[in-house]
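First the structure, which I've put down as structure tokens, then a few questions once you've had a look.
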Amino acid sequence: MNSECCNPLVPLPGKIIKIVDESPDVKTFHIAAAEGKPFTPLPGQLGMLSIPGVGEGMFSITSQGPDHLEMAIKKVGVLTDSLHDAQVGQPIAIRGPYGNGFPVEKFKGKDILFIGGGIGLAPVRSLIVHCLQNRGDFGKISILYGARSPEELVFKEDLFKNWPQAKDTTVYVTVDKGDEQWQGHVGFVPAYVEEINPSPSMVLLCGPPVMIKFTLETLSKLGFSNEQIVTTLEMRMKCGIGKCGRCNIGSKFICLDGPVFTLNELEGLPPEY
Amino acid sequence: MSVKSSDAQEAWEPKILAFCCNWCSYAGADLAGLNRTQQPPNVRIIRVPCSGRVDPQFIMRAFQDGVDGVLVAGCHPGDCHYSTGNFFARRRFLLFQRIFDYIGIDPGRLQNRWISGAEGDKFAATVSKVTEDIRALGPNRKLRDEHE
Amino acid sequence: MSDPSGEMRELAKKLLENGEVDRIIGWEKGNLWYQSPPLFITRAEETDRLVFDDFAINSLVTYLLDERDSGKKTGIFVKGCDSRGLVRILQDKQIARESVYVIGLPCSGKKDPRQALSSGASESSQVPPAAKCEECLYPNPVIYDVIIGEAVEAKAKGDRFAAVKEIEAKTADEKYAYWTSQYSKCLRCLACRNVCPACNCRECAFDISKPRILAKENNLSHNMVYHLTRAFHAAGRCVECGECERVCPMGIPIMQLNKKIIKEINDLFGPYEAGVKLDETPPPLGTYQTSDPEEFM
Amino acid sequence: MQGIAKQDLNKVLETLSGGGAALLVPMEIDGVTRFARWEQGAKTALGAGNTLLPPKEALFPQNEKVFNYEMSNEEAKIVPSAAAAEETIILGIRPCDVRAIQALDNVFLTKDYVDELYKTRRRHTLLIALGCTQPAPTCFCSSVGGDPLQAEGADIMLWDLGETYGLEALSDKGKDLLKKIDKFMSKSRGKKPAAGKFSLEVDSRGIAEKLHNMFEDPIWDRWYQKCLGCGICTFICPTCHCFDMQEKHTGQWDGYRYRCWDSCMFQEYSLMAGGHNPRPTKKERLRNRFLHKLCFFQERYGMLLCTGCGRCVRECPVGMDITKFIKEVSEVSLNE
Amino acid sequence: MKRVGVFVCHCGSNIAAVVDCERVAKEAAKFPGVAFSIDNKYMCSDPGQDLIKKAVEEHHLDRIVVASCTPRMHEPVFRRATENAGINPYLFAMTNIREHVSWIHTDREKATEKAIDLVRMAVAKVLHTVPLEKSSIPITKRALVIGGGIAGMQAALDIADNGNPVVLVEREPTIGGKMPMLDKTFPSLDCSACICTPKMASTDQHPNITIYTHSEVERVDGYIGNFQVTIRQKAKYVDHKICTGCGLCETKCPNKKIPNSFEAGMGNRTAIYKAFPQAVPNKPIIDAANCRKLTKDKCGVCAKVCPTGAIKYDDQDELITIDVGAIVMATGYDLFPWKEAYGEYGYGKYPDVITGLQFERLVNASGPTSGHILRPSDGKEPKTIVFIKCVGSRDDVKGKAYCSRTCCMYTAKHAHQAVDKIEDSHVIVFYMDVRTAGKGYEEFYQRTVEDGVHYVRGRVSKIYQLGDKLIVRGEDTLLGEAVQVNADLVVLATAMVPSAGSGEIAHIVGFSTDKDGFYQEAHPKLRPLETFTAGVFLAGACQGPKDIPDTAAQGSGAAAKASAVLSNRSMETDPLISQVNDAVCAGCGVCVGICPYRAIELKEITQRAGGKTIARRVASINSGLCQGCGACVAACRSGALDLKGFTNQQIMAEVDALCL
């Protein structure tokens, strides 16, 4: 990780090699560098993606292939607007991997509940994919995902095809508000968690702050301890290497010491995120 | 934004930006064209609905970017398509020109004219005059956002 | 001038006690003898901290903007210059007149802590009057609910625009060189903007990223655009409180540009004093006369 | 102790800058004291106390190009900027500012990533510190663990002994440099002087530990209100190192990415693309700054991020005084 | 990246002769965001527009740039083409490389470079466009016609016949304008009044037409479809509801020596008067300035004699407000004030130097001389009559540079009438050119020459009185010799100029005038009846000198235009208007005072801030009223206001693109 040889703020040139529409405002971008895969991240790590001339932003790496990285990106600002306008072949620049990633060792051999809300499924997905690829290392897998509406559900192929077919894997999908076609569950994530009343040994939770807040309350009501719950945080980031200052929560930097924290670790930090 | 700081001046030609209101000055420029009135090729026009739309910000940006002069042209006072836009523009630019002068930018680099849709000849003459004025002032370096 | 602190404390105490205001903004004595920084109090027992000495130089009116949505009522102390800033904020509809209880304090001039330090003085009497007070036209508050102390005569003054004229007399290149030396120093700390009562937008154009009118890169070009834009946005609205120049750590003569604009507005569009009358017509750039000078034929 | 006569100072400066090194000394330029490149005939401001602008810009300039890019429809070309490798001597730097550079070293040279641009500059920089015999009214280095007369981390130490500057090499680099000015040196009779009295004094021991538990303390409500939210304190602070990265177009397709100083006091600093701001008001921003100085940095790097230079106390237009804050913190009782 | 298609038009050789269009297209292909670029002979032609459609399909374009002629002409055409290609019509930018490049430059290299710059700027602009949708506004189905001359009457009748109500406002006490003053019309020589007065009557009687005479338009607010017009009905002092028009008052009025403007000063009228016997309305008014009752509170005869008690000395001006959807301007012309400019013709001090209009009254059977041509000075019949053409016209030193178009023909008519009516008359016409473009005009002129009228080519340099003769000195430029005529009467064909006050009314309605004060048409060729202000149309001599048939035609044309506006219940509005970013707007209200259309008001919004809901006021744009001038945007310090289609970001992008 330590790069004595070159400036860690300088990215590698690359290209978008594939774009998958996930929802009206989320697309997954497959990123390759000139010499193949830019780097090999651990599940839960981050990448700094830029379109030179437009800007740079930190995104979680949703998955990876032998020659590329995947990032699911929601349209929220100048850079992401440009990314959403991009076509396959769009030159980009990327640097990373950043952050600590998920504590995969901690999850080994255990039953896991993944809870994702909205675009929060993006970081979670990297670990789900890892678990499914190394299926023997993990126990039962439950995936609970919620979005505001059916059209805002991301990774639909995984949710409805790939994951339900995987061994010992259950997928629960809910939406805040259904539509005419929607046959599935309707309701908020925390309530759905309570309804399912799961009993895994580890929970990985990622989503919008409000969802996290209420889901944590539910989990605690269901008797989960802080050590069992892992989540990821997000702050504005610029350097990605713990120098530029802005992504600190207390004395921790999200880009370096995070974005993954156990609830135990979070309790020791100021509630400023 | 920002321009290369090059000193290649042998082939220097003034680069001039003009903001023309759609109803009068742009029409005046069209009329000059219709009449085939020849003009120096140094002016580039940005069409705006009204001289009242022109924000001094655009002008500063243009000088940062490396233009040598800016012309803002609108309807004659009283003839504004929108009745009053040029009166506000007049106040804005009377003041802004003096500020420019005060910080040491020759006021000749920021010119304002009222040109109606009927004044094709005046438009052409203005373009010639502004180009001459700015040629005489030479390349502008002030306010430029230069990089090596 | 007699020390009005006693009266100030008494009034503040009364206002807080009978619930007429939710908080009071005034000045207190700082750690160092030449500091009398702003003080915010909500409890009657804290009112004893209020002072109004030579170093109560800060204008307090921009602090009202922080609470513009709170619905709280503030009791605020204003000097003459501060009161014009308050008028500006009221004219820009940023706070309601009913949300402030204005306590006027006639002022015969204050002293600047930085000057206290740089002059090597060891007590107030050795410190020269603050630069911004030298040309004060309005030593008495122009708006208040109550006034403490006697009205003060405006100082006999020299030419309000003397410094401006000095610059005007330079050649274009000399002017540019002068402003280059000044604006090159700018750190873009934005203190001049943040302290300005005329800069009362909720979101400043400089902070908006789409489109970004000003790059964050610090160079002469951007610094100039920053200062020209700021001055132009305050054109016809600057109340000459001089706070911008006072707070500038780099000593940029910000008021020399503001005063130039005031001078030109007076010349071009007729005499105008910003922030003096609460119910006046729009500022000069928000209106026009068909008879305005015509130079653009 | 070795010494050089004050009257030889110009010749010493000439010799030091003679080898092609950039010699930065305190000077007053357009009314601002700062470290600037000394050239023959330039007037130094060595005796003027602490400079208004700290020397951090020599190692961490306000703007710095990171790389050039050239885009096309087919590819992005990235050309990293070479780090500046000019030999630099900073002379007249005060002990507080030397400590500040140690803090910057911690940030830029440790914790997994090394900042290449900083590292290169730092490696080529030699520090000649000047001890402070008479602290300014706003100085408080001794209150935050500093020594006004001794600059650990400097290469050479100078003291003003009246007619002469006493000097002592603190590093091998310093010793090597002293050899260059050997001919101006003589045995000085003076002794390392004693420090003058500080007018600002506060006990900062245990401040980090105490503040760790004061995130929700009402003290912040009292302190943030008068803050203007400007960036004076951060820009003139010798230890503040936050930066932003932005791009500049130089053509239709090309441009460069640069980093520039940023301030945690600005609203935009922590504003996220979607509009969420975890530090939405002056209160959260001021709290973060004070905690960063007095708590978080201590926790992360084992030192305070305040070296007592007093610049913020001196320049803050609303009289925000960090020593007063430290004092108030120490008076807070956390048992309730 | 967005996918912009760039289309560079040759306009036949209009552009391609000077600009290397192929190179422009090739360079454009290299700009960021450009996915396709091509040049084409005629972009506005059907094949050109199809090219856009095809390119959008093949290259998946999402934005269009056309570099061709002025957007003021073809922007709507290409917007439609963009829309037809399946792209929102506002994801389009146009740049002008014809009027602004090829037609004004000859240096191919420099012109091409300029064209490339302009295309780059347009591409930069279009990259920042967003789709916009039109909205619709209601139309008030009523028209206003200002001016009751032949143009105004024709327009009013045609609009009324189309089924829409019309309000006709005339400043004079009668409608009719100048035409009833004329004796005969050329070339047919039929009686002017005989064809004009029936038109006046039809106008008066039309159920869809309301006439306000002796009235002026004082204020116009609003915009196409929704104008609010304030009319000042000046006090008439006669209640027209009661007055029968018997005329007794006129005969009894003691003040009989007031020059009658209808007689062009050649005859007199009373203080209570009708301009002429067939006036419409055929009822008198009191000329307050000359009435003894109203000025000195004496007399009062008219009230005494009025059989119906219609005289109202306490009459007041009245303000009438009406809503209209369209406005036709028909304010007509006046004659050039030659007395102020022509010292060589005596500055008007010789009574026998008269204008053509005065001659009309002399020769008119209902005129002051009952149709006998008699000299004003002594009432004698002149034998030698000199006509001088182009007095004030085609003379940019003393008068106007333009040709007044009608003078050649009416002078021919006058000369013919003089020869016809006066035995042994000697008629000389001084002329510069004889212009007789018009049906039957040349034939008429030839007949006049055959009648014995003597045409002398040359200007008259001097007229002076010698005894009872006017000595007219000039030069016959064909013969190259000096000419002197001892004339009895001199008739000047003075230029037509915009009617007095026409500039003020243009200002009130809100459109511009040309350098001579005539109303500026939207395009000299293709939009001669429209102004730049939507919903305001032009008819007759207010737009430029015209004869009667052209005036009538324009009246009908303007009526057709106005009727087209009124034919719909509502109309689509341009979406290029201001918008407010509520989150940024501080509600300072500076924009409210700047908007000329009163389209901005402060409205209350609620907002989440600091964890609670707050109410505050922000600017709000009325999309029906906003006309998209952008004055508010430039005045908005925070940038909360922006103008769709001309956003700050778009203009900055254009500025940047010019230099980078």
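The chains carry the letters A, B, C, D and E, assigned in the order they are written, with residues numbered from 1 in each.
The rule is short, and it goes like this: contacts are C-beta pairs under 8 Å (C-beta built on N, C-alpha and C of every residue); 3 or more make two chains touch, one makes a residue touch a chain.
Values in this document were obtained by computation on a predicted structure and should not be read as measured data.
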Comparison of C-D and D-E (more C-beta pairs in contact): C-D
Chain nearest the global centroid, as defined over all protein CA atoms shown: B
Inter-chain centre distance, subunit A versus subunit E - centres from mean C-alpha coordinates, in Å: 67
Centre-of-Cα separation between subunit B and subunit A, whole angstrom: 51
Chain centre separation (subunit A, subunit D; CA means) in Å: 38
Residues of subunit E whose C-beta touches two or more other chains: 1, 32, 594, 610, 635, 648, 652, 656, 660
Sites on subunit A at which at least two other chains make contact: 53, 77-78
For subunit B, residues that touch 2 or more chains besides their own: 1-3, 57, 61, 78, 84, 88, 92
Complex contact set, residues of subunit C against subunit D: 30-32, 35-40, 58, 62-63, 66, 113-114, 117, 181-182, 184-185, 187-191, 193-195, 207, 209, 215-219, 246-247, 249-251
Residues of subunit B defined as touching subunit E within the complex: 1, 3, 15, 17, 22-24, 26-27, 29-30, 32-34, 36-39, 41, 44-50, 52-55, 57-58, 61-62, 65-67, 75-76, 78-85, 88-89, 92, 116-119, 124
For the subunit C and subunit E complex, residues of the former touching the latter: 69, 92-94, 200-205, 208, 210-211, 213, 233, 282-283, 285-287
Of all residues in subunit A, those that touch subunit D in their complex: 1-4, 6-15, 34, 50-57, 74, 76-80, 89, 91-93, 209, 234-236, 238-239, 241-246, 248, 250-251, 256, 270-273
Complex interface listing, subunit D residues touching subunit C: 30-32, 52, 62-63, 137-138, 199-200, 222, 225-226, 228-232, 234-236, 244, 246, 248, 258, 260-263, 266-268, 282, 313-315, 317-321, 323-324
